[in-house]
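Consider the two complexes below, in which subunit A is the common component and subunit B and subunit C are the respective partners.
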Partner chain A sequence: MRNARWVVALALVVSMTVGMSGCGAQGTQGDSKTAEPIKLGAVLSLTGTYAALGTAEKQALELESARINKSGGIDGHPIELVIEDDATDEAKAVAAASKLIEQDEVVAILGATGTGQSMAIRGDVDRAQVPQISMAGGTAITQQFDANVFQTPWSNTIVVPFVLDAIKKSGVSQIALITDTGGYGKDGKPIIEASAAELGLKIVANETFNPGDTDMTAQLTKIRASGAKAVLLWTAGKEATTIMKNAQGLGMRDGATAVPFFGGSGQARLEFGEGSGDAAEGFTFGTGKSLVSTNWGPDSEEFKVVSDFAKRYEAAYGQAPDIFAGHAFDAFLIVVNALKAAGPDADGAAIRDAIEATNGLVGFAGTFTYSATDHNGLTTEDLSLYRFAGGMWEPAE
Partner chain B sequence: MSSRRARAIVIVISTLTIALLPLVVQDRFLLKIFTFVGLNALVVVGISLLFGYAGQVSLGHAGFVGLGAYTAAFLVARLDLPWLLAMVAAGLVTALGGMVLAVPSLRLKGHYLAMATLGFGELMTLGFKEADFVTGGVNGFSGVPFPSVGALVLDTPQQLYWLVWSVVGVALLLAGNIVASRPGRAMRALHGSELGAQASGVDVVGVKVRAFVLSATFAGLSGALYASIVGFISPSLFTTAASVTFLAMAVIGGSNSLAGPLLSVVLLTLLEYLDALVPGISRTTAEVIQAYQADIYGLAIIAVILFAPSGLAGMWRRTRSTV
Partner chain C sequence: MAELLQFVIAGLKSGSIYALVALGFTIVYAATGAINFAQGEFYMLGGMLGVWFVSLGLPVPVAALCAVVSAAAAGALFELAAVRPIAGGDPLRIIIVTIGGSVVLRQLALHLFGPDELTLASFTPGPSIRLFGAAIERQTLWIWALTLVAVVGLVILYRRTAFGKAMRATSLRRDAARLVGIDARAMVTASFALAAGLGALAGLAVTPLTQTAFDVGAGIGVKGFSAAILGGLGNPIAAVGGGLVLGLLESLAAGYLDPIYKDAISLIVLLAVLFLRPQGLLGGSGKEKV
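Up next is the complex of A and B:
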């Protein structure tokens, strides 16, 4: 009886080992058979905090790869998109990137959705020498420079000087700053401080708040007393609405004590305008021109690219693309453009070189020109000012 | 067949299976997953000593994993120290950390100890986030080189797998010897009744401190190895959620056993990577399992507590005694 049990156990171990060797062999077979398609990996947050962003990105990537493949792919080689969900979690992002690189053997990775996840997969990307094109806006992604990592959204390094310049042009020299201690505000704060000093703007109040705070009256009272002639709000969080309402309560939004408020890409969210109501009336922020495609002028190439994409996206999904879908569109466009230059058989390193050579490529976010020192590729030329009116943004000029 | 011989056969077969796996498995990602299994095993062996044998709860062990990871990463990547030295340093630093955490355990028991260790874990996470001059803050620490000894660089998935599992092997030998000898009996006595153990002349303070130090060191080594194998670490990898997962693995594995927790580490870690392991599995099935992973752990713990209080190890013991 006991002997029989051991025989069964042994058989199980053996079958397990054989089973594994089986799937190992299958993997190698698969590689030789599927040498034809070009494999691109994507690490997206399809669940978790950034699910809405990741889902929009997934839709954009699938839309674009289907379009490329319909028109013959890259020199006849179709693109095979392998999408992995990182659940807005760094550890899962690492596992996903590792799977894409080592099991699927992709030649490039699009992603991740969030800054943290984008930073987390860097180790794998560097070791495998494949390029990574992140769709997250964190400055760290390109500031902490990595030869293999590129970025598609407008980063704080260009949005901050653009907005500060607009403040200066409005005739203000003393500003107050209020930032969140989470990702976006923390990322922006040192850049704002350095950039303001460069432009000769004096920061007379420098306040912060924590994500989740429900009352910012104390910070705003200090700002009101500081004599600041404009307030710069830097956050992507929902607390921005509370700040505007608190400011209204303190009489900072209308009448004799009114102070103009400014912000960045973090305010390019519909719920900010809707939630704040008249408290955000006149709020000015800077972000990509493509937020309103007519900004580009009806005859420009940018307008054509942005509105074509919007048309296709709406036809496929019944909704207009948001900026996150646009950033994914750009990531895909950049890789495809590099693949066309490097050829369908190019390895990760060759594709990386081709991406770095991207010059004047018109995408959703603007015109991308990467270089050995700039992996964000966008400039203040790609930005525009907007103003909230009646709960919705409109071009400020 | 005597139970001792059966045990020996199981050990030999599993050792051979683990040692020879890289010769059979060609898929590099699968090997990486099995390497991760080894890293988790190292942590859980330590927790088994602490929790399964000595009966001390820790909800902050991911803090030790992180401490080891950042120590090794900083020494190797920023100060250019030899990898082996960094490993030793990571072990020492986490041992010291274990000693610090042992202090509250001398006064606190049960829920209160769990709370204290939980606080420790949270403090560590906060420290990893805020000490950005060492840790790189929330953006993480990248560019940790592969393990190397002199000119020998271990950079293939096979080498890394063997490296990790050799360390696990040494840890298991050490733990096996401890539990089979006087310190192990002292731990079990402590688990049974602290007062009773004390009355029987067990140095309760010493046992607790040693259990904490040893399990912290194992966790720290696991973190240090993780840092050099993956090359990137960030605070979100060492959160309370990870601590709970480690403890869950030890609980499901069963107390007073090393084999049970080891088996549960293998099963629960592989669950996370189901889609990569089972070629034909549908994407949605894998996604559902991954989305409910925490719930599966939770249900497994409840099931264990209700139906098999001594875990996988206890179930095994029971079936054997009824045959």
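Up next is the complex of A and C:
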């Protein structure tokens, strides 16, 4: 059977190459009015691990660009949105970004959906001198400072201390940490470690898992044996549900051996609540106030912006926007705001300057004030604590 | 001690899933001499169809049966539409076709069921069963039971039924089988259906624990393939052994080493077996053992 051996070896090689590739999708949208359109590029994960996030972002971007164009665009110039799928793959994100820059000649890039993809395209962005507004929450995006790169979600540097503070206030001093080795968890881990040390919280178990893992019993068994009084879960992946189910299976969710679980923005997803069911009951997480728009108070400008967007989104797609749709809304709002200031003929560098001058712009995630040193623009004032009850979140306390 | 037991339980849980997927690889290999790289997609289809049938209001056992039968039908259709036209060809061509098929199935699932992960309720909800300080989820018992039923059923099918004997005969000597009146082409179709059904059963049984999505097939495909190679292609019982061993290795590695190496284990095992013992740990020298 020497033949079979070759077949198998070859098949293996082929399977790996196929596993790494995927399928591309792209869409363009815009309308051809008399005035020259302003081209905005978007690099989104419409397939792959972050498909759900990217799809919500695409819907938000299309909704908002259609609205702007209906009301006359930027000084009569319509906005033409060119969306590219990166299949949650860094190499594809780079290919998408260079296509947008070289073939479509866009003046700004919205994206990417994921932290890894957002970091991967900055080389092209820098070369072309166009601004990039990322919708990923990874801290590295704005911490490893790049003059051309901005960010719309609450970054780990503000969410992590906020959640750890809540854990400390609940009277716990020994915590276990479980993070994914993909973008979001890997990004959060060093910040959690540093921040926990500052707050005097001891990390007694520090576990990781890979994106796509289907069983985390081994890690949770070690956490259970560590004597941790709370578990901090830091991931944006769908594996969070498996972790909660495994934890429930191990008796860590109810009865005498129950341990409180905490998390961050990654758990602000309806699928997490639905999928985990009663395994996530009482799960506490910190993320933006806008998750429940009434947090802002009914007379605030934030409430108006968030609920207006939610109404339009629901009318168009029949479902409430999640935070990822919100981050895309913000990215678009920030660029449009800058375009209004810089004018429809502005080049990438001029738009970048206008974005950096953003001051007190109220969006979905909160109030954005960028500066020459802060390209995240949000503060802990924009955050709030939530708890899962009956598969859905509600404001904690 | 309780910790070790817990790791073993978790390993045997994943291992059973790998075993079912690996069985599918060996069945198609026996019939065609080719690797069916769409096998992982039928695992995905099992979970997705199960969720869909439940959402239609069917009770879980009926929905599960419908999901497995529909996935098996999809496997047969896939063979008829894509593999049969090149039947008798080089196994390499069949392999390429199945790779293409896997991409088509994945994209189809994305468009039909959407990009979000989907959930199925546990078959029998309730607290875990305690055993010497370790916990066994009820769904894990279901996974074990279904794997056992599938393996025993397969053995009976192969050893006791005329249909199974015809399948074995075809895989041993296709021309001779045709001379005695066996429809060899139908046997190939049947093997794809059977493999798809087993993959779907695995995907269905594990969905209450892990959820499912259109893109879960590729990862499990590599695991199942590694398990099949580990056991020795062409020997179903050995493939089951390969799956269980792989699951245990992964779980123990996650428990005692760094979980980051978990995925690497299956690839290391795969390469090691290919280099050192290409007939598999438990396999003989060929595919005669079907």
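Assume the second predicted complex is superposed on the first by the 325 of 397 C-alpha atoms of A that agree within 3 Å, B and C clash if a C-alpha of one lies under 4 Å from a C-alpha of the other, contacts with A are read in each partner's own complex, and residues count from 1 in each chain.
Basically, a contact is a pair of C-beta atoms (placed from the backbone, for glycine too) under 8 Å apart; a residue touches a chain by one contact, two chains touch by 3 or more.
What you are looking at is a predicted structure, and each value in this text was computed from that prediction instead of being measured.
**Q** With the two complexes superposed on chain A, say which partner A:Gly138 touches: subunit B (first), subunit C (second), both, or neither.
**A** The first partner, subunit B, only.
**Q** Considering only touches as defined above, state whether A:Gln219 meets subunit B (first), subunit C (second), both or neither.
**A** In the superposition, A:Gln219 touches subunit C alone.
**Q** I'd like to know which partner A:Lys245 touches here: subunit B for first, subunit C for second, both or neither.
**A** In the superposition, A:Lys245 contacts subunit C only.
**Q** With the two complexes superposed on chain A, say which partner A:Thr47 touches: subunit B (first), subunit C (second), both, or neither.
**A** Touch partners of A:Thr47: subunit B and subunit C.
**Q** Kindly classify A:Glu90 by the partners it touches after superposition: subunit B alone (first), subunit C alone (second), both, or neither?
**A** first
**Q** With both complexes superposed on chain A, which partner does A:Glu102 reach: first (subunit B), second (subunit C), both or neither?
**A** In the superposition, A:Glu102 contacts subunit B only.
**Q** Could you tell me if A:Ala258 is touching subunit B, subunit C, both of them or neither one (first, second, both, neither)?
**A** In the superposition, A:Ala258 touches no partner, neither subunit B nor subunit C.
**Q** In the overlay, answer first, second, both or neither for which of subunit B and subunit C A:Ala197 touches.
**A** A:Ala197: touches no partner chain.
**Q** Does subunit B (first) or subunit C (second) touch A:Ala120, or do both, or does neither?
**A** Only subunit B; A:Ala120 stays clear of subunit C.
**Q** Residues on subunit A in contact with subunit B in one complex and with subunit C in the other?
**A** In subunit A, positions 1, 5, 9-10, 23, 47 sit in both the subunit B and subunit C interfaces.
**Q** Using the touch definition up top, name the residues of subunit C that touch subunit A in the complex.
**A** 3, 6-7, 9-10, 13-14, 17, 33-35, 37, 91-92, 95-96, 99, 102-103, 106-107, 110, 114-117, 119, 121, 127-128, 135-137, 140, 206, 208-211, 213-216, 218-222, 225, 229, 233, 251-252, 254-255, 258-260, 262-263, 270, 274, 278-279, 285-287
**Q** Within their complex, state which residues of subunit A touch subunit B.
**A** Counting only subunit A, the residues touching subunit B are 1-3, 5-6, 9-10, 13, 16-17, 20-21, 23-28, 47, 85, 87, 89-92, 94-95, 98-99, 101-103, 115-116, 119-124, 126-127, 138, 140, 144, 146, 183, 186.
**Q** Under the definition above, what is the set of subunit B residues touching subunit A in their complex?
**A** 1, 6, 9-10, 13-14, 17, 20-21, 24-30, 32, 36, 138-140, 142-144, 146, 155, 157, 230-232, 234, 236-237, 242, 272-273, 276-277, 279, 287, 290-291, 323
**Q** Given the complex with subunit C, which residues does subunit A contribute to the contact?
**A** The touching residues are 1, 4-5, 7-12, 14-15, 18-19, 22-23, 46-49, 51-52, 54-55, 181, 207-210, 212-219, 221-222, 225, 238, 241-242, 245-246, 248-251, 271, 274-275, 277.
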